[in-house]
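Chain nomenclature is as follows: A, B, C and D, assigned in order of appearance, with residue numbering initiated at 1 for each chain independently.
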Amino acid sequence: MDRIYVIATGGTIEKVYSEQTGTVQNVDSKIERYFRMLRLPEAEIEVTHLMNKDSLEMTDADRESVLATVREKFGMAPAPIVITHGTDTMVETGLLLQKNLPELPYPIILTGAMTPLGFEGSDGLQNLTESLLAARVLPAGIYVVMHNQVFPVDRVRKDRELARFVWK
Amino acid sequence: MDRIYVIATGGTIEKVYSEQTGTVQNVDSKIERYFRMLRLPEAEIEVTHLMNKDSLEMTDADRESVLATVREKFGMAPAPIVITHGTDTMVETGLLLQKNLPELPYPIILTGAMTPLGFEGSDGLQNLTESLLAARVLPAGIYVVMHNQVFPVDRVRKDRELARFVWK
Amino acid sequence: MDRIYVIATGGTIEKVYSEQTGTVQNVDSKIERYFRMLRLPEAEIEVTHLMNKDSLEMTDADRESVLATVREKFGMAPAPIVITHGTDTMVETGLLLQKNLPELPYPIILTGAMTPLGFEGSDGLQNLTESLLAARVLPAGIYVVMHNQVFPVDRVRKDRELARFVWK
Amino acid sequence: MDRIYVIATGGTIEKVYSEQTGTVQNVDSKIERYFRMLRLPEAEIEVTHLMNKDSLEMTDADRESVLATVREKFGMAPAPIVITHGTDTMVETGLLLQKNLPELPYPIILTGAMTPLGFEGSDGLQNLTESLLAARVLPAGIYVVMHNQVFPVDRVRKDRELARFVWK
């Protein structure tokens, strides 16, 4: 069994529809429900629910807490890390990690979704599937993985109009 | 082939998630995409896209236009009618129809959804399926049909907290 | 709460795909998993797993056992009954019930599917949804309910080529 | 845009349920319908429908034709190749490719499914998603990619009882 850490921070991928308010919100984490739809016979997925925020509302302290969690995982029993994150500031968090973690024992994959998991046309399960595979095969480094694309974190930006990431 | 008229007015059942704004909105009608998931070999579904509104934003003129459309359908080639509608003012529209249509040749079924069609846990396709069957078998009258329940329109109210309709 | 009895006998609707043999079989009942996808706030569904057979393999004794179960339900606490059944001999079982139950306190709905529940393009959940509604609103009688159609059991036959039921 | 060739040969992943016979069969290719569920903005997927066979029925000539197709793709405009294939003889085909293609310009990914695409619990879309990502990031070589696992083709065997591939 190969361990993969998942650090869940919220973002669109985990948003749920509220029947009371008619809006989508970050309330309860639902990511593990979707992991159960995948076959992962040799992967030991260890999920940390760090926070559940729209990434536009993440503070500096929130990003520091992501960094601290990555340090803790790499300190104890190093293994690849997948971070689920809102797309709007995913790159910002990734660059903070890059600046503070000059040497990495394993890859860190940032991923998320444009449409919440389980909504029609969602890219969430595709991105989770890709990220869990990327975690296994990519060399150490910090990446954004979504939509069949793999970007080093310092080479990528979100294109809001296209609703996806592009090279910068 | 037996005709069933569907008059689509919007409401949660037709809401879509916008990747640009991160909100759910009434933009394009998607109801016909879901009819295609059903087997309706002897039903000739004729859809009228009357409007696409959150029912809290429907005006008196909007409700009059629903009434006019029902009159037109019953005037030309009478057949059962299913009206898809936001749940918040579904009963109000139904009562207007009741007041103005003392004699009905066929049943009128009001339906909608608490969660949009195609979102995880949606009740939309269930309610459409039930309403199309109710349209075939109920006697003339005006009903709310959702969640395996059939309410005469003057006996029902929405319970917001329970997120469903209850007897009144 | 209104009770609805469900008597599950197997048929295509409950078939599952076996990864070991590459075939579809009647092994475990899965119907209750699909009931949980429906919102049935006022329905108390009581499921009896009577057998799990392809209806071409049902014997006279099997059909007698369906009859005995119906008698038992109607004898104790009468309520509408939905029977899930293979489509090939659904009508045969229905006619046996009709012959032996001249007076019915509630409707009996026979339903099934052309494609198993959960397979792409399945009509299973549609037929269950329709049957549970039909159980509430139809007068006493024995019916086949599938594909937005309601047939009295002595007026229907399966058309294998069309993969549906038609009037006879 | 980066090209990825897909060579479809059939196998469980493409099987469909026949309502007439009640069996699952390799009849029509359905793989492209599932590609459309994925977001692949920078991938130009070019699908070759080579055959549609249960891999237990593949002949030597069939395997030679897979080899010839790979040679043709690599000869004209080399790009990564994903081969969808029945799992029972997937390794056999992979080893034939390995023996005959000592130098590869790009990776060749063999994938398939234990349960057909679109059947409940199917691993098909997961495996396609993983294979399309693996095609982008793996070094030249011949691999089996399924269930979050990446096996060099000479290190893998199917475990029928576990319904998955394991290291050999």
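Structural remarks
We take it that contacts are C-beta pairs under 8 Å (C-beta built on N, C-alpha and C of every residue); 3 or more make two chains touch, one makes a residue touch a chain.
Just so we're clear, the structure is a prediction, and the values are computed from it rather than from any experiment.
Between B-C and C-D, more C-beta contact pairs join the chains of B-C.
Taking the mean of the C-alpha atoms as each chain's centre, chain A and chain C sit 45 Å apart.
One simple way to say how far apart two chains are is to compare their mean CA positions; for chain C and chain D this gives 39 Å. Chain B and chain C have centres, each the mean of its CA atoms, that are 28 Å apart.
Residue positions of chain D with contacts to 2 or more other chains are absent. Chain contact topology: the protein chains form a single closed ring, every chain touching exactly two others. Every pair of chains meeting the touch criterion is listed here: A-B, A-D, B-C, C-D. Against chain C, in their complex, chain D makes its touches with residues 12, 15, 17, 19-20, 22-24, 54, 114-121, 160-161, 163.
Interface of chain D with chain A (complex): residues 37-43, 123, 126, 129-130, 132-134, 136-138, 145-150, 162, 164.
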